[in-house]
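Chain naming follows the written order as A, B, C, D, E and F, and within any one chain the residues start at number 1.
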Amino acid sequence: MRLLLVNPNISTAVTALIRVEAERAAAPGTELVMATAGYGFEYIETRLESIVAAAAILEVIAEHTADGTSGIDGVLVAAFGDPGMPGLKEIADVPVIGVSEAALCLAALQGQRISIIAISERITGWYRDCVERFGLAGRLASIRSLGTPLRDVASVQHDFRAALVNLAREAVQVDGADVLILAGAPLAGLAREVLDEIDVPVVDGVGAGVRLLESLVGLSATNPRRQRRGTSAPPPTKPRHGLSAAVTAALVARQEEVSS
Amino acid sequence: MRLLLVNPNISTAVTALIRVEAERAAAPGTELVMATAGYGFEYIETRLESIVAAAAILEVIAEHTADGTSGIDGVLVAAFGDPGMPGLKEIADVPVIGVSEAALCLAALQGQRISIIAISERITGWYRDCVERFGLAGRLASIRSLGTPLRDVASVQHDFRAALVNLAREAVQVDGADVLILAGAPLAGLAREVLDEIDVPVVDGVGAGVRLLESLVGLSATNPRRQRRGTSAPPPTKPRHGLSAAVTAALVARQEEVSS
Amino acid sequence: MRLLLVNPNISTAVTALIRVEAERAAAPGTELVMATAGYGFEYIETRLESIVAAAAILEVIAEHTADGTSGIDGVLVAAFGDPGMPGLKEIADVPVIGVSEAALCLAALQGQRISIIAISERITGWYRDCVERFGLAGRLASIRSLGTPLRDVASVQHDFRAALVNLAREAVQVDGADVLILAGAPLAGLAREVLDEIDVPVVDGVGAGVRLLESLVGLSATNPRRQRRGTSAPPPTKPRHGLSAAVTAALVARQEEVSS
Amino acid sequence: MRLLLVNPNISTAVTALIRVEAERAAAPGTELVMATAGYGFEYIETRLESIVAAAAILEVIAEHTADGTSGIDGVLVAAFGDPGMPGLKEIADVPVIGVSEAALCLAALQGQRISIIAISERITGWYRDCVERFGLAGRLASIRSLGTPLRDVASVQHDFRAALVNLAREAVQVDGADVLILAGAPLAGLAREVLDEIDVPVVDGVGAGVRLLESLVGLSATNPRRQRRGTSAPPPTKPRHGLSAAVTAALVARQEEVSS
Amino acid sequence: MRLLLVNPNISTAVTALIRVEAERAAAPGTELVMATAGYGFEYIETRLESIVAAAAILEVIAEHTADGTSGIDGVLVAAFGDPGMPGLKEIADVPVIGVSEAALCLAALQGQRISIIAISERITGWYRDCVERFGLAGRLASIRSLGTPLRDVASVQHDFRAALVNLAREAVQVDGADVLILAGAPLAGLAREVLDEIDVPVVDGVGAGVRLLESLVGLSATNPRRQRRGTSAPPPTKPRHGLSAAVTAALVARQEEVSS
Amino acid sequence: MRLLLVNPNISTAVTALIRVEAERAAAPGTELVMATAGYGFEYIETRLESIVAAAAILEVIAEHTADGTSGIDGVLVAAFGDPGMPGLKEIADVPVIGVSEAALCLAALQGQRISIIAISERITGWYRDCVERFGLAGRLASIRSLGTPLRDVASVQHDFRAALVNLAREAVQVDGADVLILAGAPLAGLAREVLDEIDVPVVDGVGAGVRLLESLVGLSATNPRRQRRGTSAPPPTKPRHGLSAAVTAALVARQEEVSS
């Protein structure tokens, strides 16, 4: 199984963090293809930044899947907030999921009320959108966040380790969380570092994403995806202009597949 | 007052339809600047297409507002479904609104339950997202749509006039709608054509958008917009790469303004 | 264009506050007809008081519109909480809107989460009803209110200026509001006084109401309101007794118009 | 125990229907005081009509409770849709409830999903408001209604008996209702006539209202109502003008009681 | 009228508390049959404990109703949280209700926003489930609870009287509750003790439950329950194994009754 | 990895169906331990039946995990509707999940709106409860069900194959489903049989359950579950009576573990 992991941020240091955690989570036979957005921001914390990121991810996915020879079996969008979701599911004939929706699923299986720990106050509005969009806002206990500006996104999990654990404990003790999500690719891997210090399960988005993508791909191996109708099917063919060669190729490939 | 109207589709014929209806709705002193997306699709009916459109609109807005000399007082995104909203509100120091949110507001002031008449079945999923995102899903009576492929998006309101009126009547009589929205820029202006044939008020998104944008700008003339906090404020400054000159300039301008 | 502004309170001092702000917001050609409730309370802060106010507003609207010669093009009910809404929309053949629904619309176009600043603790329960009734409760960040009894409703915006600004700041900083509404006719005009002190847009209900009413009337000029079905249509004809001459005349006029 | 039953309609024939069913439902020691609205409509089917009715009910309750000598222990507002609720709870020092909220409670105790059978299509919008206001919209299976104009509101339950039973069966078989409410004072008593023909429990609003009011009064006999805070407490004292002597007296009495 | 009151806890001391309050609330002609769960926990505060309790209550109800000779007219499940509801409604041909749903109904008739005062922090998650399941979560102001372990469940209302009153006051003053529920059978009767100290109505679940059950039974005396369809009807006949004789007999009796 | 799969029905033929599909879905290193409820019903279609099933599952889980020597790493409750969830999560120190919650997660990752295909009309009410309890009711397009009584639960997927495919197609074409769940253990394995005949992805609960349980266990291998607080932690220690030896042992084991 060959999975494409897209870091929607331009930080290759964060791509490296994602890779390490993804490798820990992946099953033996899983091959991970890492990619970093070709343009955009060091990290995504607003709705505007996610517009840019969604377009950049679309390019990356199209480049890796359009010609049908890359053998990609599934795609994980590895920024909490799931920029471009669920629209990006339309571009490929393989499962495309985000780390937020994956983390919300694994959290919801472990506890009734979920809190999210985030790296900046500004990011919380966009995260709330994401939970509402996925439909699980009724199970959200709280979103708590760091209040100080980050020095370096690649080291935030070390720089603010104590503060993050403290936020986690407040979510449990004050907000009544049964389960936590440490959100954001810059925190990839932190869950396993701090689990002894927290009294409820802690979900890491990257680990959750890899596992759920493997699940979907594994079940699809005998159940090939046939999204010929519904809102994850490819867009109907229509005049277009100015798209990149990769996006054009990916669209055409999907549309032909459905009309065949 | 100078308003920028962005057609997120690449069809200049649709831009012309939007202009005609916008001119009818605009107040005497309002100047309309029309713009068409530089790339994308003939019309937007899926979430994936709206990702492309959002990025294209961002470019158009940035080009028209970044240098601060264009004198744009407000921006209307003129595709039902409001691609890029509410994220696009972060890019400019003037109000940026979409035709869907404007139409929903004027509909909600006229009747308790709202139906939307749409030009394709596929588009309805994305429209539903839009209503849910804006928070008025509890007032949605139904979304009804044409079931046949369009020949030409620029003439859809004439080609399918009878079918659209029929959908409107079913929404009133079967679904219990108190007010209707004829949705989508290709239907701009149709509301005034068919109003004698329908027993409830009919809202045109372009007209609603122009009027509400004028309202916001007019009230802001004495109440300059000060989005220094909250999720419509400009994104915090951070490393970025590969953005267009216009988007970069627009971001920098907004960030400097807030930090000043 | 001739708009009727009804102050549902009996305080003519508040009517004067409303007039001043309405004149600032109105377009050049708009004529404002001011009216004050013939009976009731100095200000409305409970559901019971709003029952009395709704009946009093009904009389005022009927008196001004029943004979069809007054030339009223639209009606604005100028007490936050929108007493009598949406029922009052049934009484006239012109748009009838409330300042709360107007303010919620303009707020919702400017930010995702909305806070309301109110003049008494007791009033907040009724305001919450109003937001829920309009369907935007999912976007409410908070309702914050003064905690001390008012000396004089006509001077509350000056007596408590500092406290109100402080509540506004707490709504932004603690509750995460992206946009604020200064609620209640006694606060009409305060928004423009304090905008320099608050980091997000501030909506004034009276200004919003005048602008949105102008929008509806303006669009209706070419799109005459035809509420022949749905729940804003006039009530079906049936035996009645003891209504005032004005209300009877208004009802009869609307019913004849629909059956014609 | 002495209960005031207010018919918000002006039809004394409907008052008589209410009385008959109320007497069947009441406990041995309960004395029923019947009152009919002094002005208004033959029956209430729109939001506008309910504004008039709410004010008329307020007068009736005030007349019967203001001087404190009438010995009224509780008040039942006997029109489905509960005009004036929950505001009317503020006017008296005894429980004031509506037949809709009572019927919804007894229905919710008997089945998970509830359908309402109504006497006119127009009335259904207002009924839906009522269910939403009470907070049980999530348990509503459907509202089904007669489609033909009524000849005589006092005989509607006989004139349309077969059609009403048919609507009830469709609600069960098509909409999945576990329990039904036959709604509207004109249908008072019909439930016991038709129960053999319907496969789920059927709730009569008048019977439910009398029983739940007896329950509240009975429990309050040892637990005197002390609504000194919260939104059912009397409105704070403030200048007022033009209210009837009865309403003024009732307000003053409640306000003095709380401040004592 | 003969009512079965089931204490789902194994504590006979709590059964005695329930009996005392039930006798105070019951109408003169009502006979109370008390029963205590045959196995389980001293009190129920988690979802897991409620699984055990639901099965134990099922046995008790079946034992008392299966042979049709006991003359039980209705059943009250007397643990807040309503273990086994609404499933237990399927087992008997008489009304089966819980104290939580009854208390929520009587609270909802007295005030718009409801707070629940609970005896342990852990119990609050299960109580929240219960309110959501009944459909009134939109009216919940808060659930406040004691934070210290209980010494003796039978004396908790005396041991913690002051703390409970304090929680009640905070719910009113901080959370904006219009009405309170003192939750849990161990608090049965406390409401009447403390009512002078609290400014809003206080609902006792046992009293509410007895009264509402009497109401349902009383109305059913002329309106025999006919749950032949819908989700409170008996389960369809199918192979079963290992059920107790009482549960088997109760099921068979109900199924025969429906098929007859 | 050793997983316990509990069939909450008493049908060993259904247990065999579950095993076959589970083996197809499981990863190479996964060992499956099958168990069938010791008592109960041939299949579960009502809330009452699920009370019995929940208690029976509790026994099975306790028997397999109480002594800590069985090496069970996770538990899957294999009846759609998830009887006993989420309460059963409290009984074991390993993940305990249900096939419904697992299927809802994998469906929600593949499409925005979900339909469920069920084997009986009666079962749909209970399934709806389950979706609402999990919090994803906002994404439910429909629940469609067979309307004829089953001959044999073990052969229902063959007996009604054509009817089930037809229901699936209607869910897509009429209800707008983007993804389907074939619900109920008796349909285990049908998804892979019919996928060529349906235009959207089809989720099998057993396959989804095995994969998600493997995911949770796999991630927990380095992230041992520490549910010491929150509502999935073991119930606080308190007097108990009459529980089976296995349940007692399981409770004691968990409580000791937390207090250690």
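One rule holds for everything that comes next: a contact is a pair of C-beta atoms (placed from the backbone, for glycine too) under 8 Å apart; a residue touches a chain by one contact, two chains touch by 3 or more.
Note that the structure is a prediction, hence the values are computed from the model and not measured.
A.B. asks: Between A-E and E-F, which chain pair is linked by the larger number of C-beta contacts?
C.D. replies: Result: the pair with more contacts is E-F.
A.B. asks: Taking A-B as the reference interface, which entry in A-C, C-D or A-E shares over half of its contact pairs by residue number?
C.D. replies: Checked against A-B: the matching pair is C-D.
A.B. asks: Just the number, please: Cα centre separation of subunit B and subunit F in whole Å.
C.D. replies: The separation of the two C-alpha centroids amounts to 44 Å.
A.B. asks: Rounded to a whole Å, what is the gap between the Cα centroids of subunit D and subunit E?
C.D. replies: Each chain reduced to its C-alpha mean, subunit D and subunit E end up 26 Å apart.
A.B. asks: If you look at subunit E, which of its residues touch at least two other chains?
C.D. replies: Correct list: 86, 112-113, 125, 129, 176, 178, 230-231.
A.B. asks: Flag every residue of subunit A that touches subunit C in the complex, lowest number first.
C.D. replies: Subunit A reaches subunit C through residues 124-125, 129.
A.B. asks: Touching subunit C in the complex: which residues of subunit D?
C.D. replies: 10-11, 38-43, 45-52, 54-55, 58, 84, 86-88, 90-91, 120, 122, 125-126, 129, 133, 149, 230-231, 235-236, 238-243, 247
A.B. asks: Where on subunit A does subunit F make contact in their complex?
C.D. replies: Interface residues on the subunit A side: 24-25, 27, 86, 89, 95, 97, 101-102, 105-106, 108-113, 134-136, 138-139, 172-173, 176-179, 191-192, 195-196, 198-202, 204, 207-208, 211-212, 214-216, 218-220, 222-233.
A.B. asks: Which residues of subunit B touch subunit D in their complex?
C.D. replies: 112-113, 176, 178
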